[in-house]
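Common to both upcoming complexes is chain A, partnered first by chain B, then by chain C.
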Partner chain A sequence: MSSTRLTRPGAALRRLLMFCAAAVLVLVWAFPVFWGFLTSFKTERDVLAWPPVLFFTPTLDNYRAVMQGNSSILPNLWSSFVVTSLATLITMLFAVPAAYAMARLRMRLKRTTGFYVLATQMLPPVGLIIPYYIVLQKIGGLDTYSGITAIYLSFSLPFAIWLMITYFEDVPFEMEEAALLDRAGRMRTLWYVILPQVRGGIAVTTIFVFLNAWNEFLFAVVLGGNTVRPVTVAMYNFISVEQTQWALLSAAAMLAMAPVIVIGLAAQRHIVKGLTVGAVKGGGRR
Partner chain B sequence: MLLLAPALLVLIITTTIPLVYLAWNSLQNLNFSMPWMRGFAGLGNYIAMGSDPRFWNSLWLTIIYTGTTVTLQVVIGLAFALLVLRMPRGQGVIRVALILPIVLAPVVVGLFWRTLVLSPDFGLVDLVTRALGLGSYNWLGDPQLALISVISIHTWQWTPFAFLVLLASLATLPPDVYEAARLDRASAWQRFRYITLPLVRPAIVMVVILRMMTALSAFAAIYAASGGGPGSATEILNLYAYRTSFVELNLGYGSALAMVLLSITLGVSWLMFRLRRAR
Partner chain C sequence: MTRKGEAMTRSASVRIEGAVKRHGKTTVLHGIDLEVHPGEFFALLGPSGSGKTTTLRLLAGLETLDGGRVFLDGVDVSHAEPGERDVAMVFQSYALYPHMTVRENIAFPLKMIGEPADRIAAAVIEAAERVGIGHLLERRPGQLSGGQQQRCALARAIVRKPRLFLLDEPLSNLDAKLRLETRAELRRLQRSLGVTAVYVTHDQEEAMTIADRIAIFMDGRLAQVGTPHAIFDRPASAQVAAFIGTPPMNLLKAVLHGNSLEIGTDRLACEGLIVPGAGAAGPSERVSEPERTAQAVLAGIRPGDLEPCEQGGLVAEVEFVEDFGDSAIINLMIAGTRARMRSARRELPAEGTRLRVRPKPESVHLFAESDGQRIEL
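And then the complex of A and B:
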């Protein structure tokens, strides 16, 4: 198809068009991030220079400032890390067995549970935050790691279950039938036969759960406080009504987003699957 | 059943019970700034919405915001996917560039745009308009521009998603159909209209619904970029429910607003479930 295309008169034009499209894509979508990256190495004076300076003497002062002293975001990175890791670990412990059950076991209620899990994933966070706030306030759970981690499960668990189901469904049914015929028992079959097959799926799911929890903002800003203050909330340290510290904000943002950028690029092949979870086949296939 | 029960229990505790509690609160007078007013309100909060111009404004903005962002994402995403599909080289670079916005936290995206991209005089957009002699604008300070700005921010962050999904879908289309169409002298537009579009329709429907869900629960980026302002120019239902509950401390009315948002979202997800089953 492409060989016949190149001999046609419109081929040159088409190539030009493609090149322009590619340039626009990269420029529009990557440049703001790259610009933030550059800004994080500028002095505040270079940031506000007109005309904008492309060549400047890079400085690490901003990074030093957001890692030491008063405006350090290291405690916030730690906060994010604790909440995110705890939430991810607990989510996976609950989600993997549940997804297996939903993908495999013959249950009359399977459709219903499937819709239930999907519906919980669709709930807008703003709707849930009000009851969370009232309840956590009553039981003293505001600004505690246990309280906020529990709340994070509300969005990470349905997502993880749905994503894991698609991986469990790819495991051939015959494999576990064979194991069951050898009287291996359900739990042993799951542990020794099925789980090794979905190792990749577990890794991908863990990555996405981590990513979503790391980027969470609304729950963190309302339910957190001085003890639990993830980086997404700490970004506001550098913005006030009077003055915005652009360079510091950029440096802090780069540090805060470094984990998700690295993880996202590493998992780029799986990103489409992770983002379309719940919408691609899965669920009631069997 | 033993395997499923713990997860379902967690979901019931963290989502369903709070939901019931939210519904209950929406029937109460629960205003922390007027604590003496507490008590059962019945449908009072919902009736109050009828004559609340700020509610109708936010509902209207939610529809505009969701409609335009989703349409833009699909149209731009599909157009670029069609162009990039035939690219012999360089798809890897594009993929990497486009994954960046998706993985960034929406609140960081909002703050980045508010400062580096849209701020008057020194933002990237103003650098361009100033260089072109078009002057400088207060992109987030002017009520009309602010709405366009928050729509652009959301579109910027999520178009790559539509692009990647549609590109993946286009790549699986059978080439022999196009060969046959070419032999029949079908024009490029005809090939697109009568072959490509019907074949990628399921993918488009899926993208539209998923993007609607995200747009309906969008919060952090607008909160960070404009805070719903200036005034209530970018105050979609989400922001209004948040401000009512946590700035004005009127949790009863905020709950009722959240219930409205919730019904809209559940309606869309019900539609999605129907479509999944139909396939």
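And then the complex of A and C:
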């Protein structure tokens, strides 16, 4: 009892320090977003004003331009949406049963399989671009939705499998055994007993996979083209050798970020849980 | 004992033949032979790691055999899936489905075998009423107390009227008072259902009070099988003796000289002192007269079978006294070995005093010091 009383001033100080550290982090993270947000309402002249102006007459011209004009990014948002949704859907369809098998079934070569799944994550993406390019070129997959989606799967699947394994491992064995004794069989046990308990994990994994694919740039810029041009690539077009159209770029960036921010806020609680899953138990697995 | 109106009691007979189970290189079960009669309440008792839970899981089909066979009602089910065996199990952790209500939990086994909805509804209510949680059907397991969760697990197990009921330390997560109540209720429930029950516990008192028969596991082997009385009265080995009873039997190092027993510097005449040999109660060995010259033995005396005496007997030093009010346990040091004596006396000896104690007539059990096996004279 006395020890808690003794540590109380220390705890308060620690909280203050933590708060300051968090504030600095938020500032560092939020400033570019905030500045981009302001810039998206500026005219190009205000953007380049020196010293930078904080108070200006806001305009919606930039948004009008990136949505309706020649440089409309709406087709690109659609392109992003298609690739991201396809990749996410297929990833989850395969990752959930795969992770369950890896977490639960006794099978031969499980460790080896697990290692190879993980090994695909060890390669630097840049090292894969040229092989991927050549492969897609040979099979006619360059600048097609199926081609790009397939490439996205190559990194989203292992990631999703490894994340989902930790969730499946958290479900007590006995619960599964109880269901087996209740004559549920493997598939119905999975459906009625296991999956409902990893719902949170499925949500988190889906969001992570979606965000990763949505934010992907490197593969999209090299392997895409006029047909498949996600918004990340389209935004890059506002940067050219002669000039960077900061205002338009900012407006496009705000539009591209919108779904990410909405999802992030909506799923905040789940995401934090997802980041700390396995922190207590089996933390080394991922 | 079957309740009136109970539709056809189903109770399986169980036979295990030479069951061997290995986990990697360690052998968990070294060839177990066991028979459980229909309608019996059978306890598997032993310290942790003795193989009792593994044996239960073999019956459930949750473990595969590395040798031997398992029969239910005379049918070899050694390789049958858990769901094919028509057995129900209550797990130590209860293993309730946290996302389902109590009603859905209890209904689950029936839903899985495709019972019609109205039959399920009726059966769920009956099972829930039977274990006294009829008013909690809409709650989720997380909203229940430990005792209520335990009842929910019981209801889920009895709802489809299995032929065999497996219980894996079902009371170990309850507090002491609730455990005593539930123990009696469990026994009543099993009697009223008439179902065969196999019950795993490491609590010997629990096994002694609840079971018709007990199998005692030691290091993956069966040390003794019998009724609680038979095991208490005639433990098959020193290990069993040291495990059974509250507190367990005292085991004093002794030397058997012809007709007298030498414990430390004291000598006791065997005549009328040793538990008379009778009936076959587990493995035992008889010692013939010539062999009886100076054999190293362990003399087993229950705490309640020791009493103070004026002269003769054994010299003992009082280490400390545990007073329970109506009785007391006096912790003694006899010939370098700790021993306990139960005493009802009001005036208890002070710590550090010396006194003389003697075993009551026909109360001393003898075990060979070499392997701990019971010796009948």
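Keep this in mind: the second predicted complex is superposed on the first by the 238 of 286 C-alpha atoms of A that agree within 3 Å, B and C clash if a C-alpha of one lies under 4 Å from a C-alpha of the other, contacts with A are read in each partner's own complex, and residues count from 1 in each chain.
Simple rule for what comes next: contacts are C-beta pairs under 8 Å (C-beta built on N, C-alpha and C of every residue); 3 or more make two chains touch, one makes a residue touch a chain.
All figures in this text were calculated on a predicted structure; none of them were measured in a lab.
K.L.:
Counting touched residues of chain A, say whether chain B or chain C comes out ahead.
P.N.:
Of chain B and chain C, more residues of chain A lie in contact with B.
K.L.:
Using the touch definition from the top, say if A:L74 reaches chain B (first), chain C (second), both or neither.
P.N.:
neither
K.L.:
Which partner chains sit in contact with A:V53 here, chain B, chain C, both or neither? Use first/second/both/neither.
P.N.:
Neither chain B nor chain C is touched by A:V53.
K.L.:
Quick check for you: in the superposed arrangement, does A:G185 touch first (chain B), second (chain C), both or neither?
P.N.:
In the superposition, A:G185 touches chain C alone.
K.L.:
Under the stated touch criterion, which partner chain does A:L89 make contact with: chain B (first), chain C (second), both, or neither?
P.N.:
neither
K.L.:
Per the contact definition in the header, classify A:V117: touching chain B only (first), chain C only (second), both, or neither.
P.N.:
So A:V117 only meets chain B here.
K.L.:
Who does A:A98 touch here: chain B (first), chain C (second), both, or neither?
P.N.:
first
K.L.:
Give every residue of chain A touching chain C within the complex, in rising order.
P.N.:
Result: residues 172, 174-175, 177-185, 188, 192-193, 196-197 of chain A touch chain C.
K.L.:
Along chain B, where are the residues that touch chain A in the complex?
P.N.:
Chain B residues touching chain A: 1, 3-4, 6-8, 10-11, 14-16, 18-19, 21-22, 25, 80, 83-84, 86-88, 90, 93-108, 111-117, 119, 121-122, 124, 127, 156, 159-161, 163-165, 168, 175, 178-179, 206, 209-210, 213, 216-217, 219-220, 223-224, 238, 241-242, 245-246, 251, 254-255, 258-259, 261-262, 265-266, 268-269, 272-273, 276-277, 279.
K.L.:
Which of the residues in chain A end up touching chain B in this complex?
P.N.:
Per the touch definition, chain A meets chain B at residues 1-2, 5, 14, 17-18, 21-22, 24-26, 28-33, 35-36, 39, 47-48, 50, 52, 94-95, 97-98, 100-102, 105, 107, 113, 115-120, 122-135, 150-151, 153-154, 157-158, 161, 190, 211, 214-218, 222, 232, 235, 239, 244, 246, 249-250, 253, 256-257, 260-261, 263-265, 268, 271-272, 275-276, 278-281, 283-284.
K.L.:
What residues of chain C sit close enough to touch chain A in their complex?
P.N.:
Going through chain C, the ones touching chain A are 60-62, 81-84, 87-89, 91-93, 95-99, 108-109, 112-113, 156.
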